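Below are structures written as C-alpha cells.
Consider the two complexes below, in which chain A is the common component and chain B and chain C are the respective partners.
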Partner chain A sequence: MTAIRPGSQPPTAAPDRTWWLIIVGIITSSLLMLTQEPTWRAALPGGIAKFLTNPLVGSLLLTLFLSNLLFAFRWKAAAWAKALVFFGSLFIILPWAGRDNTAIFDLAIQIGIFAALALGLNIVVGLAGLLDLGYIAFFAVGAYTWGIFGSGQFAKILGYFADNGGPVGGGLRYLLGGLLLTILGAVVMSIISKVKGKWNTGQRWANFLAIMGLVAGIIMSLRGVLILMSPQAQSLMSGVNPNFFWLFLVLALFAAASVGVIIGLPVLKLKGDYLAIITLGLGEVIRVLANNLSTYSNGSQGITPIVSPTVPFMNAIAGALGFSPDQYNLFFLYFLVIAIIAVIILANVRLDRSRIGRAWVAIREDEVAAQAMGVPLMQTKLIAFATGASFAGIMGVIFAAKQTFISPESFILTQSTSILSMVVLGGLGSIPGVILGAAIVTILNISLLPSLGEATAALKLPQQINPAQLQRLVFGTILVMMMLFRPEGMLPSARQQRLMHEDDDPSDNETPQDSLKHSAVEPAAEVYSPGTASIKDDQRTGGAR
Partner chain B sequence: MDLSTLGPFLVGVITSGLVLGFVYAIIALGYTMVYGVLQLINFAHSEVFVTGAVVGFEIFRVLEPSPMNGYLKLLIALIAAMVASGMLNVIIERLAYRPLRNAPRLVPLITAIGVSLILQDVIRIIEGFQGRFDLTYKLPPAFNTNFCGADSSCEALGTALTKVGISLQIKEVIVVAVSLLSLALLNYLVNSTKLGRAIRAVAQDRVTAGLMGIDSNRIIALTFLIGGALGGISGVLFGMKFGTINAYSGFDPGIIAFTAAVLGGIGSIPGAVLGGLVLGVIQNLIGVTNVLGSILNIANLQAIDASYQRIGAFLVLVLILIFKPTGLLGRSNTEKV
Partner chain C sequence: MSSASNNSFILDVRGLTKVFGGLTAVNDVTLQIPRQGIVSVIGPNGAGKTTFFNMITGIYEPTTGFIELDGVNLVGLRPDQVTSAGIARTFQNIRLFASMDCQENVMVGRHSRLKAGYIDSLFRTKRFYESEQEARDVANMMLDFVGLGQFRYEMATNLPYGDQRKLEIARALATSPKLVLLDEPAAGMNPRETEELKSLIRRIRDELGVTVCLIEHDMRLVMTLSEYITVLNYGSKLAEGLPHEIRNNPQVMEAYLGRGAVAGEYGKEAVAGMQEGV
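Up next, the complex of A and B:
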C-alpha cells in the first residue's frame, strides 16, 4: 500500500508562494474596495464603475476576495504572509467593505452560521457516518429558544396561560404532579435499562410507556411553571433583558443537544437509509409543529422583532470606525460569529483526534467491528448526534438575533439538503473542506444566484425559471457530481481520501468512471468484483439489531 | 352532526382512504422493487412519479378538445406516463447509480437525494417555460360524475351505496380498477415469468444470480423500468385523484409511500399494498379527526387538522421501525423483489 495513488498529494514539494499570496491579496482587496468604497468608486471612469457595480461582477469579486482566505490557508508561504492576508482580510478589509455595503456583512455572517452548521453535520455524517437529513431541526430549536424569549412571544404565551391556565395556585399542583411523573418514568427506565441482552416485547412496551410518562411529566411541569409565571406577562412585553442572550447561547446548546438525544434514542438503532428517512421525517415533524403550535411559536407568521444584545465597547469601536448605528448590531454579530467559529473549529480538531472521534470513525467504517473492539454503539452515536446538534443550537440563537425574524419557512427540508451538500462538496470528515463547502454554497445561494437573477432580468424569462430559484438544481448537481467523480470532496481529509480510493490497487485500478466503461463492455465482470460480495445480509433488513 | 351519522361518515372516510391507499400502494411498489434489488432507497422515485403525473397532465390537456372517448384518453395518458417514467428511471439508474454499485452505502444514497433535487427543478423549469407551476388536470367531464349516480343504469346500486356512506366519483373507481389491474399484472410478472424469477434471484443474491448466468445489470435496469412504469401509473392516478400537482408535490406522497413500503415489509409486494391501504386510511382518519372531535364532543381532538397528516405518517414509520422493523408482512428472510 505504499504506491502513490491518483488524487493523493504529489510527493514533490509545492513551490513557495509567499509573494503570490501577498499580490493576490492586495489585488482582490483593492478590487473589492473599488466596488464598495464610494469615494474610490467616484474616482473611476464611468464605464468601469458601471461594470464593477454590476451585481454579478460585484458578487464574483466578493467571491474572489473570500478565496484569499482559502489561499492563505492552503498555499505554501511564509507564516507572516499567511497571517497578514488571513487576518487582514477577516478583520480589516471585510468589515471595511461591510461598512459601505451591509449586504457583505450579512453574507459573511451567513457564511459563518452555515459553516458552523456544516461543521456540526460533519460530525454526524462525516465522522460518525450517520446520514441525518433533519439536521435543520436543531437549528430551529436554537432559533426558537432565543426567538421566543428574546421577543414579545414569551409574554404572549404567559398571557395565554393567564387566560386559560386556571388559577395561579393550580400551577404548583401541575408542577409537583409533573415532577412526580418525570421521576417515576426515569426510575422505570433506569430499572429496565439494567436488563442485559435483547429485550422482549413486554420490556419494550414498558420502556415505551416509561418514556411517555417522562415526556408527559416534563410537559406537565413546564405547564405548571408557565402558569406560576403568568402574572409576570406584563413586564416581559418586549422580551427578556437582551443581556440574557449569553445565557441563552448556553441554554440553546443544551436544548438542541437534548433534542438530539431525544430524537436519537429511538432512531439511532437504525442504519443507513432508514436513519436518513426517519431523520428527514422527524425534522419535518419539528417544522410542522413550529407551524401548528401557534400558541408558542406564533405559527407560520413567525416571531418578530427579536432583540440582540448590545455590548457598549463594541458599539464604541464601531462608532469610532464610522459605522452607522443600525450597523452596530451586525458589527458585533460578525465578530461574535468569528469567535464562535474559532471555538467550534478548535473543538472539532480536538474531537477529531480524541478517543471519541476515533470511535466515531470506527463506527462509520464498520459497526460490528467497532462494537467488537469495545465501542459502545448507542452511546457513541448519541454523543455524535448531540454534539452536532449543539453547534446548530448555538448558531440558531445567532441566526434569530441577526434576522430579528424567524418563521418555520427558514427551516425547510431544502436547508437540510443544502447543509448536506456543503459537507459533501467540501469533503466528508474534513474540517477545512466543510468550511469551504459552506462558503461556496452560501455564496451561491445568497449572492451569486440572486445576482444572476438580476443580471438575466433583461431577458424577461418567466418568473418560474428565475435563476435565483435554482437552489435545488444547484445543490442536486453538486451532490450527484461530487458523489460520481470526487466522493472524497474538494479538500478531503487524509482518511477519507484513502477510504474512497481503497479499490485503487494497481491490479484493479477502477475509478467509478472506469468501472462504468468496463461494465458496458463486459457486464458480467462486475459480478465477480470483490465490492459486490461485501454487501452483508444484515444490511438488507436494515432494522434494529 | 350527531352520533347516528357517525357510521356512514366513517365508512365514507375509510372508503376514500382505501382509494388513496391504492395510489400509495402503487408508488410504494416502485420503492420496494428498487430496494429489493439494490438495497437503496430511491429518493428520486417521488420525482419519477411526478414526471408520470406531468406527462398525464399534458396528454389530458392536449387531448381535451378532441371528441375521443374519455377512457381511450386515459389509456393513452397511462401508457405515455409509463413509458416516460420508466425510461427516466432507467436513465437515472444508468447514469447515477450504476457507476456507484460498489461504493460505500452512503454514496448512492446522497446521489439519490441529489437526483431527486435536480429533477424537481427540471420539471419546474420545463413547465415554467410555458408559464405554469400548478398543473390542474383537465379530466373528461364524465370522470367527475358520481359512480352509479342519478340517470345511470345502476342507479339502485348507487343509492344503496350512498346509504351506507360510500359515494365515489367515476375517477375514484378508475383509480381502484387501474391499481388492481397493475397489481395483478405485476404479480403475474414477478411470480410467473422468467424475468420475474431472475428479478427475485438478483434480489436474493446478486453474486450467485450472476453465477447462474443472469446478467444482473440488465435485470436491475429492467427492475427500474418496471418500478418507473408503476411510478408513471401512480402519477396519473394521483393527478386524477387530487386534481392539482406541481413539481414539488412528489415529496409528501413519496415519503408516505416509502412508509407504506416499510410498514408492509420492504421488498414484499403484498406488504407494500397492505401498507399503502393502511396508511391511506390512517391519513384520512387524521384528516377528519377534528370532525370526529366535534361529533364525539372532545375538544382536544378538534384542534387536530389535516396538517397533522404528515406527522401521523412519520409517527407510524418511527413506531414500526422501533417495534417491528421487518414490517407487517416481512419475514427476516423475506422473498425480495
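Up next, the complex of A and C:
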C-alpha cells in the first residue's frame, strides 16, 4: 500500500527537523526538571526559582514538555531522534519528574485514562457515527467491577446475604433452579431464532418469555452463588486477593462489552439525535443504579478503599530509582496505562483498516447505501458499541485502582460530554487526534486552568473577573474558538480532512517541484484534482454530496 | 413469454402490493426476469417504480406478494441479506460514501462476500490478509471494468457526475450479484455518457453474465437496450412486452401523453424517444 495517492493530499515538503527536535526536547526537559527537581532548583538564583515555582509557569512548562511527544510524533526527523525524544520523555523524564512531584504522575495517568476512553468513544462516534452521550456508563461498569471485588464491599454483600438469604443450603437450590431456567430460556430462544421471516404473535411472546426466563435464571443463580459463599464474608473483609486484578481487567472488558450490547440492542435502531438522547438517558440510568443499589454499590457514599495489585519487580525498580513506597502504586499504574493504551491503539488501527472499519465508515456516511451493499447494520453497530465499551471497561478498573475510591459522582453526564469534546476537539476518527484532544482537555481541566486560579490568587482580583471563578468560561471559549477555526479537529483523520477541504485549491500550497512530481506519476491528477471538479455542478444535478 | 419453467427466470415476483396508509403505491404487480436478460421497468413519474425496487431489495416489506430469486424467498429479508442472496442495486440519487476514495467505495461492496471477521481483523490472521487482497482485487477489477481504473485513489465526490454513476455500478457489481437493479442510471448524463452507459450495461450482461433490470426515463436508451419492458402506471402493471410492442401500445401512449391535448413536455419527450430509439 505504498502507492501514491494522486490528488488526495499534496505532499508537503516539510524541512527535516531532527536537530530542532533534539534541542527542543532537551530544553523543555531541563526546564521541567528545573521546576521539579529540588536540588536543581536550589542551585538557581532566588528570583528565577520563585518565578519557576509559580503554579501557572510550572503548569505551562509541563504542557510544553508534553508537547514534545507531539513534536516527536509529527515532525519530520530521523527515526532515531523521534524514538529518543518520544520514549525518553515517556519512560525517563516523566517518571523522574513524577518522583519529585506526585501530581505529575497523577496527571499523566489521568491523561492516559481519558485517552483510552476517547479512543473507545472515537470508534463509536468518530468511525461508526453513532452519537453516544452515555459513554461514561461503560467506564462505571468497569470501575464497579473491580471496586466491588477489590474492596470490603463484596464482604458486605455476602454479609447481607448471610443475614437475609436464609440457610446456606438454600443457595444450592437457587443455583440449580437458576441454571435450569437459564438453560431453558437459552434453548427456547435459540429454537425461535431459527424461524425464518417474520415472527407471529405466539413466537414473539415465546421469545419474550424466554428472555425473561433467561434473565431471571441468571439472577437466581447469582443469588444462589452469593448465599453459598456467604460464610466466607469474614475472610474477604479487605477484598479478594489483589492479584485477581489481572483477571478482573479481562472480566471488566467482557462486562462492559456485554452492557454495551444490552444497551445497544434496543437503541441502535434509532439514529442521530434520537440515539444521542436515549444513550444520555441510559447513561444516567447506570449512574442512578449505582446510586440506588446501595446493597451492592454502597450508594452515594461510594466504595473505598480499593486495592491495587503489587508487582514485586516493579516495586523493586521503583525502589532502586528512589521512589518513595507510597509512589510505587502510581509508578506501576503509569506503565500499565501506557501498555494498555499501546494495545488499544493497535486494536483501533487494526479494526479501522479492515473490513469492519470500512463498514463503520460506510454506515456513518450512508446507512441505506451501506446496507444495500451487504453491511448488516445492527450487527456492525453493536460491534462498534461493544468495542468502544470494552476499552472504557478496562480503564474503569484502572481508574478504581488508582483512585482507591469510586462513587456515582465520578460517572456523571459531564464526564460523557467532556470525553465527547476530546474526540471532537482532537479530530473525529483520528487516532492521534483523539489522544491529543484527551491530553489537551485533561491538562486544561486538571493543571492549566486551576493553576491560573492559583497564580492569580495573590492579586486579590474582584470576584467577577477572578480567573479562578472563570475556569469554565475560559474552557468554553477555547472549545468555541477551536470549532470555529478548525472544525475538523486538531489532528484530523485523512478522511475527514479530504472531506472538509476538498474545495480548497491544492495548488496554493504546492511548490512547483511538487506539482511536477505529481503529474509525472499520475497525469490524471491534473484533470481530476480536488478543487477543479466543480462541486457546485454536482450539487445541482444531485451528486453524492 | 408468460409461462416458462421456473429455471429460465432468475427473479420471480408475483402479486406484489405495497400500501402506505391509504395509498396503494404498488398494486398486484407480477414480473418475471429472464436469466441473463436486460429488462426495463418504465412508467410516468410516481408510477411506483422505485417502491417496486425497494420491495425487491428489502428496504420495504411488501404488504402482500411473493419474491423469489433463483428459487430462494426474499420476502422478510433485510436489505443486506437480499444483497448476500444475490441482488445488488444502484440508487436514483447517487449514494456514494463521500469520505472514501473510489477503491474503498467498491471494497465496501465486497463486504458480504469476505470471510475475515472481527477476530481475524484484530489478530491479522492469514484469512484477514486473504480477504483484504480479495476485496482490493475485486475492487480494482470492477473499477477497470467500468472504466474508472485510473481514478482508484480519487475521492468519490471529486468524480464528474457520469463517473459517479459508473462508480455506483462498480460497487454494486463487487457484491457478485446474480441480478443488478439500476435505478435511473442515465439520469443527468449527457448523450455521450449515455452511449457509454449503454455499452457498459451490455457488457455487464455479456461479460459478467449478470442479469440487468433497469428503471429509466430515457426512452431512447430503454428501447434500444431492453429485451423486455414492463410499464407501470399508478402502481399497477399497464403493459408488458417487447420494445416494439410497447412502442405501439395505445394504452402506454395514453399514460404518457394523457387524454386529449394536455400532454406535458415530459410525456411528449418520452413518446418521441420511444418512437425514435430503434
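Please note the rule applied: the second predicted complex is superposed on the first by the 433 of 545 C-alpha atoms of A that agree within 3 Å, B and C clash if a C-alpha of one lies under 4 Å from a C-alpha of the other, contacts with A are read in each partner's own complex, and residues count from 1 in each chain.
Note that in this section a residue touches a chain if its C-beta (ideal position, glycine included) is under 8 Å from a C-beta of that chain, and two chains touch if they have at least 3 such contacts.
These numbers come from a predicted model, not from an experiment.
Contact with chain C, but none with chain B, is seen for A:376 once the two complexes are overlaid on the shared chain.
Using the contact criterion defined above for the overlaid structures, shared-chain residue A:88 touches neither chain B nor chain C, since it reaches no partner. Using the contact criterion defined above for the overlaid structures, shared-chain residue A:472 touches chain B, although it does not reach chain C.
In the superposed model, A:170 makes contact with neither chain B nor chain C. Once the two complexes are overlaid on the shared chain, A:483 sits against chain B while remaining clear of chain C.
Of the two partner chains placed around the shared chain by superposition, chain B is the only one that A:285 touches, whereas chain C remains out of contact.
The partner of chain A that touches more of its residues, comparing chain B with chain C, is B. Chain A uses residues 499, 524, 528-529, 533, 535, 541-544 to touch chain B in one structure and chain C in the other.
Contacts from chain A toward chain C in the complex involve residues 3-8, 196-198, 347, 350-351, 354-359, 361-362, 365-366, 368-377, 383, 495-496, 498-499, 502, 522, 524, 528-530, 533, 535, 537-538, 541-545. Interface residues of chain B facing chain A in the complex, by the touch rule stated above, are 39-41, 96, 98-111, 113-122, 124-125, 127-129, 131-133, 206-207, 210-211, 215-218, 251, 255, 258, 262, 266-267, 307-308, 310-311, 313-315, 317-318, 321-323, 325-326, 330, 332, 334, 336. Every residue of chain A that touches chain B in the complex is listed here, in rising order: 125, 129, 131, 133, 201, 204, 266-267, 269-270, 272-274, 276-278, 280-282, 284-285, 288-289, 291-292, 413, 417, 420-421, 424, 428, 462-465, 470, 472-473, 475-480, 483-484, 487, 499-500, 503, 512-513, 515-516, 519, 523-524, 526-529, 531-533, 535, 539-544.
Of all residues in chain C, those touching chain A in their complex are 57, 59, 61, 73, 75-76, 78-81, 83-84, 88-89, 91, 93-101, 104, 107-109, 111-114, 116, 118, 120-122, 124, 128, 131-132, 135, 150-151, 153-161, 164, 171-172, 175, 188.
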